[in-house]
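Chain lettering (A, B, C and D) follows the sequence in which the chains are written, and residue indices restart at 1 in each chain.
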Amino acid sequence: MKTKKLIIDEREKKYLLKNKVNEFGNDLGVINISDKPLGTAIKSHNGHEFYLVEPTTYDIIKKMKRSVTTLLPKDIGMIIAYCGIEDGETVVEAGTGSAALTIYLANAVGKNGKVITYEKRADAAKIARTNLEIVGAVKENQKIIGIDEEEQTESEKEEIIETNEIKESGLCNVIQKIGDITEGIEETNIDVLVLDMPDPWNVVEHAKKALNPSKGRIAMYVPYIEQAKKGVEALKERGFLDILTVECIVRNMDISEKGVRPSTRMVGHTGYITVARVRPQQEPEQEQEQL
Amino acid sequence: MKTKKLIIDEREKKYLLKNKVNEFGNDLGVINISDKPLGTAIKSHNGHEFYLVEPTTYDIIKKMKRSVTTLLPKDIGMIIAYCGIEDGETVVEAGTGSAALTIYLANAVGKNGKVITYEKRADAAKIARTNLEIVGAVKENQKIIGIDEEEQTESEKEEIIETNEIKESGLCNVIQKIGDITEGIEETNIDVLVLDMPDPWNVVEHAKKALNPSKGRIAMYVPYIEQAKKGVEALKERGFLDILTVECIVRNMDISEKGVRPSTRMVGHTGYITVARVRPQQEPEQEQEQL
Amino acid sequence: MKTKKLIIDEREKKYLLKNKVNEFGNDLGVINISDKPLGTAIKSHNGHEFYLVEPTTYDIIKKMKRSVTTLLPKDIGMIIAYCGIEDGETVVEAGTGSAALTIYLANAVGKNGKVITYEKRADAAKIARTNLEIVGAVKENQKIIGIDEEEQTESEKEEIIETNEIKESGLCNVIQKIGDITEGIEETNIDVLVLDMPDPWNVVEHAKKALNPSKGRIAMYVPYIEQAKKGVEALKERGFLDILTVECIVRNMDISEKGVRPSTRMVGHTGYITVARVRPQQEPEQEQEQL
Amino acid sequence: MKTKKLIIDEREKKYLLKNKVNEFGNDLGVINISDKPLGTAIKSHNGHEFYLVEPTTYDIIKKMKRSVTTLLPKDIGMIIAYCGIEDGETVVEAGTGSAALTIYLANAVGKNGKVITYEKRADAAKIARTNLEIVGAVKENQKIIGIDEEEQTESEKEEIIETNEIKESGLCNVIQKIGDITEGIEETNIDVLVLDMPDPWNVVEHAKKALNPSKGRIAMYVPYIEQAKKGVEALKERGFLDILTVECIVRNMDISEKGVRPSTRMVGHTGYITVARVRPQQEPEQEQEQL
């Protein structure tokens, strides 16, 4: 259950409102939405139509509060498709940013999976929490590991993780952390590691150890080509397999009565996406036993 | 649990093998994999290294048997991202084709969601079943609704759906059907309808009724621009909202010691993707009560 | 000899000035340019540097007065390269528009070649003349055939063409005409016909007759895909050879100390360019004699 | 007058033949072309049609002998358009390669202009000469400056340049040189310098001095992004103006009865093009006098 609902007016302008809001108005009129279920069309007094609906992930990403530029859906789609993220997997992400990617990842792994997201800045993490709450990816006011000045105790951390696992109505499958992932990854046996940060190459050595040897994948998103190159070099040095760097360009098409053409203006570039698979290690006998 | 495992050799050549296969060999040597867990590196007698791992969805899509050209991961990623497909949703798809898209959709909605996939040709549906079995999206030899010459009875259909819901180890969240979706959609309250077929415009009237009014979305994938145009026109006529047509172009980057450059050869075009949201109907009082 | 000179200031802002202008000033200061040759750097009283240079065709196109949207250099470059326009050739163009394409074509065919350009609107033709004058592609106040209310006599038309052929200092190889090319092409044995107009298919039948059978080429530029399709169909019907439709996408690269990346914003689409070669006719004996 | 003619058969297969060839045959039959003018259709004995025409620059580029990969017409078009190359200008090019770019440049500057082209390898220069001869851009067996083991004398060089200026039937406006342009540019007051070589940054210091200060432009073509970056940095250090790096992507469109779509396969990348204008120097009084 999302905590917000969406109003779309006749011109397709959109408004994201808290569930408890009972009345809405803009220049096209005022409507009462208190007793209306999602999925209804409502006429204002002056005859304009409004649609009260559930916001999709795509709608929420577009409307939510941002601390920084977020990944566009096109790039998120690439990461999910090229990594082949599956229901039930454990994903670690850094940095959280505004949590656009986090929300998509939470849906990709589903209620049986888990997303642990690192963010260096407490302010950004709090804005991200607000966004994650909207879709139920975290519980209301869910604690962020490491956010208080005084370090949380281990038992407190455990509590955050456990509480989260009650998984009520929403996904509740995201754990937020304050921390610099270049200093180390606390999790082990990670299925997918997604890095949206300026220096992903500084995480590759940690990734090599923290990734699930049977199917651990890594994805990096960076705007500059030099960053992509350094990322790829770090992956090659650590023996990662299936290293692939792509750029995803989306062209919107204008389809009208005048005819069809790609839109005149377009986003020229966002970033390069690199994906790879961790290379299993040649194990000594005992390691083999453990697995 | 997938029914196949993946061998990657030193040159990154890949081999998808049944789980019960115990030995593997190619020109780089022979290895015994009977007692090896996924995620291990194994040396052949002549010293070449092989990696025994779990195939990702992406690996499976690339290696699986095909009845027809399948959507590329790039386009699948766009559909998932632009529709904002969520964990737990009900997706209807047509046609099944080789089930590449189906497998991704199954993971997108997860164990709490459901994918019902229509296919006109029984042959294609059977190949698709084989592919769906690999990832556990259907049970082994799960029945395909309508596949036998004699029409299945309603109770038999129910059985297929129920049996499927036991959801053991795998996702088991896909139901296959033989049928022509242009003749009607049996499901109601669908969250997302995904059409990979030559004449999606013939489904729009059905979609209008079958989609969940609070968040029903539709996605169409077609190679020709005239098809995209007809699809958009059908959507406009039925009052769909947020109609958007995009083309996704992916450039692979060559990153080597010589330098960085986009690859010399690339896929020039696959198809156009149109997404839209169903418009809620202005309801009479009684309808409003029901919802 | 161009009739304008270019000032570039330190910030690379550009100003196109008449040759006789003696003084220039902006917020970076005032400079005297009366005795300065092109190709000099001049410091203003407050120490800012200005560069007095000759404008290139590219500079002029960017700065000149426009009656309508003009083709971008990228598309002009495609037309010149794909048609393989050669020194000395005769090119017919319609419509003139603001003459950006005309200026490039005039340079492509050179002083030994000729460009005849049709324009339906007298107003546009006059603006175009002003632009053509800047580069010397027409003489100052060169008459435009058909521009006066009363029809010009044949001898007057001849005079315009002949006068033009004196070719003094400038290229003086452009002849402007008022006329609707869909009603017919007066010229014969045209080497290249370039159509920048909404309905180029209405010219193809005329083109078939007017083009030089040994090497006549046609180029069409249109923004909508339906237009490109109709153009191609018209060419196919008339047996044109080597029909090719392309779209040219130019990405600007941002190269700075921060790194390299394609620019964030880009022109998403301008138009489609179709080129083809006229098919020589199987001639009766006498025709063969004539050639 | 070109030294070759073109045969196009019904399937649009092309054959470039020497002018003196009198008979042609392939699997579609044999035709006698001895007395046929260019621009005629000829039927073979078994009823297939062939077209005897003049090859365009584009045709020749596609069919000619190559020593190395040549620039594609799309990139040549960009260079001509973005530099705004004009009739009558002096262009210096390095390296000559197979002379595809040279042929286009020769046409761009026309009979009143001049192209001086540097090539390090004598073998490549000889193949280039053969190609230049076809279009008449050099005279038959025109000497290549510096090609003999013993250094040519100054008077011999003069002779090559002068002989070339007789400019008979063809363009005859190209001068070929053996030499490494990174060691220096002999020409002065160059209007446009075009560099298709791996290390164009090593020419920038020479370019600064050799370019016409009133309108000297430079263009560089390189496949790798690191090369483009180094080129731009060298240009910035020497104060060049209007530095712009672009990539030109051409999509071919498939237009058939089935519909319209961009082609499935496309050239993903060729190279980056950088253009810039030389910055005029702040001159002492005497320099100003000279100009």
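Note that contacts are C-beta pairs under 8 Å (C-beta built on N, C-alpha and C of every residue); 3 or more make two chains touch, one makes a residue touch a chain.
According to UniProt, the chain labels map to these proteins: A, B, C, D = tRNA methyltransferase complex GCD14 subunit.
All of these numbers come straight from a predicted model, not from anything done at the bench.
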| query | By label order, what chains touch chain C and chain D together? | reply | none
| field | Target chain D, source chain A, minimum contact steps | value | 2
| chain B and chain C: spacing of chain centres that average the CA atoms, whole Å | 50
| said: What's the distance between the Cα centroids of chain A and chain C, rounded to whole Å? | reply: 50
| What is the distance in Å between the mean C-alpha positions of chain A and chain B? | 21
| request: Quick one: which residues in chain A touch 2 or more of the other chains? | output: 225, 251-252, 260, 262
| Looking only at which chains touch which, which shape fits best: line, ring, star, complete or other? | ring
| query | All pairs of touching chains? | reply | A-B, A-C, B-D, C-D
| remark: In the complex, the residues of chain C that touch chain D are 8, 12, 36-43, 49, 51-61, 73-74, 76-88, 104, 106-113, 171, 212-215, 217, 225, 228-229, 232-233, 241-242, 244-253, 255, 260, 262, 272, 277, 279-283, 288, 291
| Footprint of chain A on chain C - complex, ascending | 223-227, 251-252, 258-270
